[in-house]
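Labels for the chains are A, B, C, D and E, by order of writing; each one numbers its residues from 1.
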Amino acid sequence: MIDLTIKKKVGDFCLDVDLQVENEILVLFGPSGAGKSTILQCVAGLLTPDEGLIAIDGEKVFAATAGRMERNVPVHRRRIGYVFQNYALFPHLTVWQNIVYGVRRHPQRREMVEDMIIRMRLGGLEKRYSHQLSGGQQQRVALARALVIQPRVLLLDEPFSALDTMVREKLQQDLLHMQGQLGLSTLYVTHDVKDAFTLGDRLAIINKGKIEQIGSKEDVFDHPTSIAAARFTGTRNIFRGEVMGRDENGVVILWRGFKLWSSCAAAGTGSKVEFCIRPEEIMIMRDDRPPKEELAQNLLSGKIVRQIAKGPSISLFLKIEESDGTSGEAKLARDYDLEMALPRHVYRKLDLRVGKRVTVSLKRSALHVIGPLA
Amino acid sequence: GSSGEQQLVVSAAISLSNAFEEIKAEFEKNNPDSNIIYNFAASGVLQAQIEQGAPVDVFASASEKQMDVLEERGLLVAGSRADFAQNEVVLIVPGNSVRSPANFQELVKPEVIRIAVGNPEIVPAGQYAREVLTNLGLWDKVQEKLVMAENVRQALAYVEKAEVDSGIVYYTDALISRSVVIAASAPPGSHRPIVYPIAVIRGSKEEELARRFISFILSQKGQGILQKYGFLPGSS
Amino acid sequence: MILQPLYLSLKVATASTLAVFVVGLILAIVLAKKHFPGKNVVETLVTLPLVLPPTVVGYYLLFVVGGHGLLGPLLAATQIQIIFTWVAAAIASAVVSLPLMVRTSKVAIESVDPSLEKAARTLGSPEWRVLLDVTLPLSRRGILAGVVLAFARGLGEFGATLMVAGNIPGRTQTMPLAIYSAVQTNKMGEANLLVLIMTVVSFIVLWMVNRWQREWWFRKAI
Amino acid sequence: MIDLTIKKKVGDFCLDVDLQVENEILVLFGPSGAGKSTILQCVAGLLTPDEGLIAIDGEKVFAATAGRMERNVPVHRRRIGYVFQNYALFPHLTVWQNIVYGVRRHPQRREMVEDMIIRMRLGGLEKRYSHQLSGGQQQRVALARALVIQPRVLLLDEPFSALDTMVREKLQQDLLHMQGQLGLSTLYVTHDVKDAFTLGDRLAIINKGKIEQIGSKEDVFDHPTSIAAARFTGTRNIFRGEVMGRDENGVVILWRGFKLWSSCAAAGTGSKVEFCIRPEEIMIMRDDRPPKEELAQNLLSGKIVRQIAKGPSISLFLKIEESDGTSGEAKLARDYDLEMALPRHVYRKLDLRVGKRVTVSLKRSALHVIGPLA
Amino acid sequence: MILQPLYLSLKVATASTLAVFVVGLILAIVLAKKHFPGKNVVETLVTLPLVLPPTVVGYYLLFVVGGHGLLGPLLAATQIQIIFTWVAAAIASAVVSLPLMVRTSKVAIESVDPSLEKAARTLGSPEWRVLLDVTLPLSRRGILAGVVLAFARGLGEFGATLMVAGNIPGRTQTMPLAIYSAVQTNKMGEANLLVLIMTVVSFIVLWMVNRWQREWWFRKAI
């Protein structure tokens, strides 16, 4: 368990966070420069917060109020496993020596290191120095070195960023397994939504040194409570409208002449609200079939203006036609109104292409009004 | 040396080293149980060491000045001091020189550009050179030409290498170098006698042997060896 | 006759280098890692023996280790004599070569990537272990350069040595002193021979260090 | 244009590749330690190949045969833009100085650097030193520094790995734009399938120092020609079966008692073949509707044994029931037979969960027989 | 009386340091970057002046720069006299402090991360630019340490200087010589005063270097 309430100023950057990590993996998600690495460094003791409190497994490792330091356990006694963003491998030690470093007095060190080398698929590289390794191999050594010490807390700063999907997924499974067995409190920084989802129990969106939102991963993805949170989790379509009315299931929002239903009941009639929908939740309606009941609402028509293939899925960018028949608003800088993501097979089946006119449904249950959860 | 041996530490001016090595051989022949240990350096260095309590039994200085200081400070065994040798000041020139001065007076000639002397502040030979030049009324005139060597050997080296046109050194120094020529000796009376004093140092554990060593140097045999290296008898 | 001063020189230089290695390294570490008032003063004082002529350093050393010096009473009480022994020569060498070791090592220690030291700390190493395991190994080039310079300087030390150790053949006459004596007594043949031997020996030592450094110690690691 | 035929031995690793890059982005894809960075370094001139030939825009920059070097243009005259995997920012220079370094004699350097700083969203950081930057900020400086020199060739070694999706996509668009305008030959190393797809024109799968497959990205993704290529591109389901027969549209393969149709016509009857299908191409059949004609073939039934949420999509792991009614083969180590990926809304709509029995279709057109293209 | 030697000492040390900086740095670069047969020999020869007693170095220098030495004819032809001038003192200082500069800078240059040099090359810099823009700036701590050591050694140089520069009052009498004279003549009061001045001057110089290094040059960069 990590309990963290700290303030820290570095240059003109201010970190001010309050986090609890149970025996779980908490993913730190957020834009570059948001303060994620800074948080990890504070927990590790590599940076000293200006004030606040850090407790690990109930033990107070740092405490300071108003500039007066009460307690600051040195780094080496915090028993943390830290994978640095830049690896920080010891250049004068071999792979084996790097990994064994933290457990060199341990009677079972041989087995422990060998086990790690197998897990991390580093067999045959034991005698190499770090400059003789590829980027991904270095990253795996860094992982092995941090995990082998059996820490009580794991701090992982993009530990899989240089790894291919196959190795990455295997190592993630290993990590999940290990974490589950030992119940390690883990702070995990990543930029990859998939990684975040695969590994994380909960998710914290960090932005400009503050926590934008924290909660279960589903919550954060589906119900962002701020525009920033919505943006960082990949909710591409964020709009502003006015609540016109409500029924027992939610509200209806007026947006550019359209009436859009949302299942969120948070906002009162007449209020201006931001609402959003993830690209993969926008459904294309087929001309040949009547719309299914759950999709019959929130229908918009538009033209595909751009498309980007992204491997298994394809992103389509739609310019919608206004309800009064004119096309788009002049004031919008971007050339599209909606971004949607389709599986490739759907795209092929529907014979879509740039220029084609389509009708889409912004699924009511996925149309989320941004704001504090009701 | 073995345990039964009597060791005698003799601090001697480095200019004495050649002669003293031979004296050591002779002395040890006559005193089989004794072992002479030399410490050769500039007299000033030796003096400083003795002042700071170096375990020295006998001090043979190249100048009276250092011995005087030690005597004043009561570091000598009273009555052990004796003058054991004298030296002369000579004018030397490079061996292959053509325009060299033939005597001290010629040092003022314009073709003599550089004259190597010991630094009068530090080197005894330098002090005597100053006396000679002052006495001859040349000191002020040759001031500009002087190169102050830090020891006599250095002055000698300059002359050997013809970096200077002449040098003023001890007669004994001039003798050891084959590439210099003695142009002239200092006129009698142009400097105080150059006296080499020797004495037993207070606190010596081998005072008796030390006295015997000094006696040996003052003996005919000792004096003979010194004279072989160009020194004049201690008491004229 | 020639082997004796050579042996003595090597002995003195080795002892002095060992002392300088330990003291200099500790000083370098403190100066590189700690911040304290007067740090600048300490740093300057350490460099001072380089600025003063060795003879002068020797002169001041005489005041310390001489029988009538500062440590005189202590030395007398313990029946230890330092002046006119090879130990005095080693001390003199050590004092004059200390600045070389300190300055060179300090720079090397300061240049170690701090994130590696951080990594070692997260792996459970307290400061002294970080120092031994990471900082020093990664500064080894600089430290070795300091040791080489200190050893060379120790081998060639003359002025301070003459002052405190004397020029006693077979006891404290190191190679530089032997060369000095030979030059002073105009035994130029002997002097040249001694210089040649000194050159050859230094050459062999330095060459071995270079080789060792290139071929073995730094073989693979950056 | 880059023309590359080289051999290089580093330690016991052997690189042996033959590549042509037109004015396009060629993605190098492959497992960690495959030799991707080594290829870039050879092109840049930072490593000297043992033998071979490298030409950039028709200019021969390297040529050596049998150990005899004929030509080796020094690095600084190759006019390449290289973004290093470890950034390699100059620690003694500020962000501005780092970026301006390559163009410091250029009369327009001010504008060029300012433009880059805006593009890379580095405004306000101009006077910072690299150790005062976050990982992602460092990476962007590295990108800016390499791009500002307007190189004739771009070598990008995972240039976006430390960036969040939003910045990453913006920069990718910028890069695409720039590349398109200048027609730069670009070698782009990434581990991210999405990035590869978004940016790449063609794709080269590198494995153990060799090119496993090279071709258009669609080709490589949909028609891997080797098991390794299939694996690295994320084609999770790779099986071995026997060709039983064929019709005009393809072949039928016998696999564990099932008859599976594939559109590939490559293999002859009776031959053993490997075949594969991507997880997102496996369709769940709905009990309430008759299977559509294109999905009526290749039906398998199985039980969901595991599921992993991966953000917008969910991975399901299926244990299929053998055609004779028994469940699975004992010899298989993994606990599932098929991996499939569903969009979340489908998953929710079908009310799937672990333990549920489902029928799936391995879409004929997506079932690909591995082997040289016909 | 005191200002004259001080001024001379600073002049000699500065000139010598400038020369050592240029020559030493070039040597260090060549030794760190190039591989050629006999490199080890060169490296060892460069270190040699440290091993030989300065007086002996001076003695050999006489053979080179003396009017009748190796360079004699050249010097005679050009009407340049070196021996017995402050230039000779500077040369002597330079020779004995060269090893300090070379060794220290070499280590610093070798320790620069090669990937930064590679990066500079990809950005269009030929080798010499890489050197000026990346290698040397990143070795500046080590180079500065070398310069400080060389300057300090030059300030304190005495043995070799004496030999080739002579001790011509007001012309080539540097501080160390003045101190030496004072010590030799047992004028300890004067000697102490001179040492104090020397200490204060070195202190000011070293302190300024330290400050400059910390506050300005190394302010932010690692």
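The criterion applied here is as follows: a residue touches a chain if its C-beta (ideal position, glycine included) is under 8 Å from a C-beta of that chain, and two chains touch if they have at least 3 such contacts.
Labels paired with UniProt names: A, D = ABC-type quaternary amine transporter; C, E = Molybdenum transport system permease.
Remember, predicted model here, so these are calculated numbers, not experimental data.
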item	value
From chain A, the most remote chain by mean C-alpha position	B
Euclidean distance of C-alpha centroids - chain D vs chain E, Å	57
Distance between the centres, which are taken as Cα means, of chain E and chain A, whole angstrom	58
Distance from the mean Cα position of chain E to that of chain B, given in whole angstrom	36
Junction residues of chain B - those touching two or more other chains	45, 48
Residues of chain A touching at least two other chains	86, 132
In chain C, residues with contacts to at least two other chains	55, 59, 113, 183, 222
Chains touching one another, given as label pairs in label order	A-C, A-D, B-C, B-E, C-E, D-E
Chain E-facing residues of chain D, complex	44-46, 74-82, 84, 86, 88-93, 101-102, 129, 131-132, 145-146, 149
Of chain C, residues touching chain A in the complex	113, 115-116, 118-127, 129, 133-134, 137-138, 220-222
Parts of chain B lying in touch with chain E, wherever the complex brings them together	42, 44-45, 47-48, 69, 114, 116, 119, 121-122, 146-150, 154, 157-158, 161-163
Contact set on chain C toward chain B in their complex	55, 59, 62-63, 66-69, 72, 81, 83-84, 162-164, 166-171, 181, 183-186
Touching residues on chain A, where the partner in the complex is chain D	11, 29-34, 36-37, 85-86, 128, 132-137, 139-140, 157-158, 161-168, 191-194, 196-198, 217-218, 221, 231-232, 234, 278-281, 283, 308-313, 341, 343-345, 363, 366
